[in-house]
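Going by the order they are written in, the chains are A, B, C and D; count residues from 1 in each one.
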């Protein structure tokens, strides 16, 4: 079965979610990958959507973060303040799953503005939503984003959600209690923070991609792991589940 | 509806935590107002969802501010005056305070009210309860007015003495959905993308809308 | 049950906001411990309901403290170290802070759990949800374990991943009631008044209880 | 129909509650009087119990503040933190209805300890419960308490709930937003704070009671209003409703 790089990205992201984990899910690519995980290797994944659904089991892709199908299928439905205060903030949720418009060397995320002038930006993006606190408080964070020189930048134009700030020790100094981004999954491969420097390092490429391509798609001097892995190809089962999911709902 | 108001020049200032077209992409009138001050400059006060939710909670609780973990390390506090550090008087830990967001008027949509004006809503109710409790006056539009509100799972009830006005507006959540009443009009959200992307298309839409309104 | 524990000398310290026998009067073992240090001195940390509720909220929210209007002008802050003034960073208004009450263990009683350990309770659930969320470990006793938790009005659900242990204990709320299961045993509360009023009667009651427990 | 002074007290207290008002009700005497009001002149009285019941319509006297009948008959059931934070604290509730073990000249209330030494009191009382915040935040406060020299004292041994502190201006200084106690209803008569001095002043006596009796039952030099009213006798309807209520539930 042939597959696209976007499909490979969703499959790789889905695989990163351990069965039984609680996962705070952003809409779009994260929601698609998380629902794919629930349909393949992780039927016990607890999906949490910021609009108030805990343990949602949607039969189709939700159209928005507030899609009614989330409340209908959830184990628990709570208000938005309760979601952020009782569930996200204390660090109860194991995995936060985010997208990004820009991401930088230290995995800081921008979804606010493109351009240097906040009040007069080149492009005004939707903004923070739940992302800053997801990035701060979840046990760990997984980011899914397409890898291009425009999205992978040396320094984000605006820090909407903190990854590792300007390097080691910053999260602790800021009082952020989650570990931060542990995986960045793209259409080209997988990046992980270096244990010493916190700098995002290419640790895997998807089949058919090499490190040079990933370097070209990155706006900084991309470090590559000594032992660069290659992601296993999507299985037929994974692709079927993904395509059924995409046919069922809105495009991500 | 706020993209429409912004495009029509009816909004001076927006206090927000996310400005997108859910499931579609950008809100183009919002973008045009900020990027190009069209049709007018739009003042913004930007928060995260958690911050804004806590501002409603503070107001609903009769407190001048709320405490949270948030914003630290982000660029938001640099641009938003309503974010301030606060120190725990017991542990010395540094946290974040946001001021109460007291509303002049809250307008929300719910499923049902009874004839006495008690309101019942269910599904993902978001910050609707807090918004009503944070407001001096409130208008609740409902899908239907019924003789009696039979108890329902996951229902939030607002007693009539905290609601100023109730109005029966079937389909009042459109283009969004009303849980157990009707689905989201996804086509409308996509159409809005097309209309709002282009100033001329938007202006034509607005003119048409105005024609429908009696002077 | 805390009057029993105090009388038996099993409590070193009580953090509380009301120490009475509901609908009957005093808790005599509690009184005897404080007035006469019998059988042992009892350390107390006294709050109001609102203050204690907010301490649970802070802990459930992962915050070191909560802000409230309260205690000002009362004599409680003079005797309770866990009450402190705090100033609003936006308005300068003086309010009150109370520290999070983080629990080692929370023990609550609920109506039902499913086989996966999801817990459902309804009626007046008080601070039970907050207590579980404020605790490192929790034990929930339930009236019954069922195959499926059908949704119910006013139900609070705790998913299994925030509950450490569930145990089926029918009648586990006794002498209190379990909403939709059984009524409060009012006679028991009155009997406890008689037993606990007198140290000898209490000691006899305790001795009898001990006999029933295998060594 | 003959009646007791306790019955007169409950009837007078019930009459003080306006129909349609929202009323935060303490257990015991306040609960009895509030339920009597709902059964007589104030069927639209909104009874609020701290355990989480808003708009409770109990068919019998509740046995405790957490009686299940309150949740069964309530318009809204909320958690205890929500009750105090969203409902009581903002001052939404018009009338707070409290009992007292001691009350003083400035309507400060003690339900904590009798005796000067907090740690070694002569009598340890149950404590604060919801009272301090009810006294602080309700639009106004009505107190119901039997009048004796032991309960009506010059200065309470412990300020559990603030009335007028040490006199005019204290509530404002303390940031208490409700008006404070506007009526103290006893088995002998009715006391109201003097508009100038905030001192509790006898403004009405119940039938068969005179000012001298009320003075004797008061531990301070009790001021008496120039125009001392006499409470109307309990009507047959009031007494029947009260007795039916008492027969239905626990003693207050």
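To be clear about the criterion, contacts are C-beta pairs under 8 Å (C-beta built on N, C-alpha and C of every residue); 3 or more make two chains touch, one makes a residue touch a chain.
Treat the numbers as computed from the prediction; the structure is a model and nothing was measured.
Undergrad: Rounded to a whole Å, what is the gap between the Cα centroids of subunit C and subunit D?
TA: Each chain reduced to its C-alpha mean, subunit C and subunit D end up 26 Å apart.
Undergrad: Compute the distance, rounded to whole Å, between the mean C-alpha positions of subunit A and subunit D.
TA: Averaging C-alpha atoms per chain gives centres 57 Å apart.
Undergrad: Please compute the C-alpha centroid of subunit A, do the same for subunit C, then give the distance between them in whole Å.
TA: 40
Undergrad: Which residues does subunit A have that touch at least 2 chains other than itself?
TA: In subunit A, 85, 89, 137, 177 touch at least two other chains.
Undergrad: Could you say which residues in subunit B touch two or more other chains, in rising order?
TA: 62-63, 68-69, 93, 95, 130, 154
Undergrad: Please categorise the chain-chain contact pattern as a line, ring, star, complete graph or other.
TA: Graph shape here is other: it fits none of the named patterns.
Undergrad: What are all the chain pairs that meet the touch criterion?
TA: A-B, A-C, B-C, B-D, C-D
Undergrad: Report the residues of subunit A in contact with subunit B in the complex, numbered from low to high.
TA: 27, 50-53, 63-68, 70-72, 77, 79-81, 84-85, 88-89, 112, 118-133, 136-137, 158-162, 165, 170-171, 174-177, 250
Undergrad: Using the touch definition from the top, list the residues of subunit B that touch subunit D in their complex.
TA: 60-63, 118, 130, 133, 157-159, 161-162
Undergrad: What residues on subunit B touch subunit C, complex-wise?
TA: Touch list, subunit B to subunit C: 62-69, 82, 84-86, 88-91, 93, 95, 97, 99, 151-155.
Undergrad: Help me check something: in the complex, which residues belonging to subunit A touch subunit C?
TA: Counting only subunit A, the residues touching subunit C are 22, 46, 54-55, 75-76, 85-86, 89-92, 137, 177.
Undergrad: So in the complex, the part of subunit C that touches subunit D is made up of which residues?
TA: Those in contact with subunit D are residues 16-20, 22-23, 26-27, 30-31, 34-35, 46-50, 53-54, 56-57, 68-76, 78-79, 93-95, 122-127, 129-130, 154, 156, 176-177, 179, 183-184, 186.
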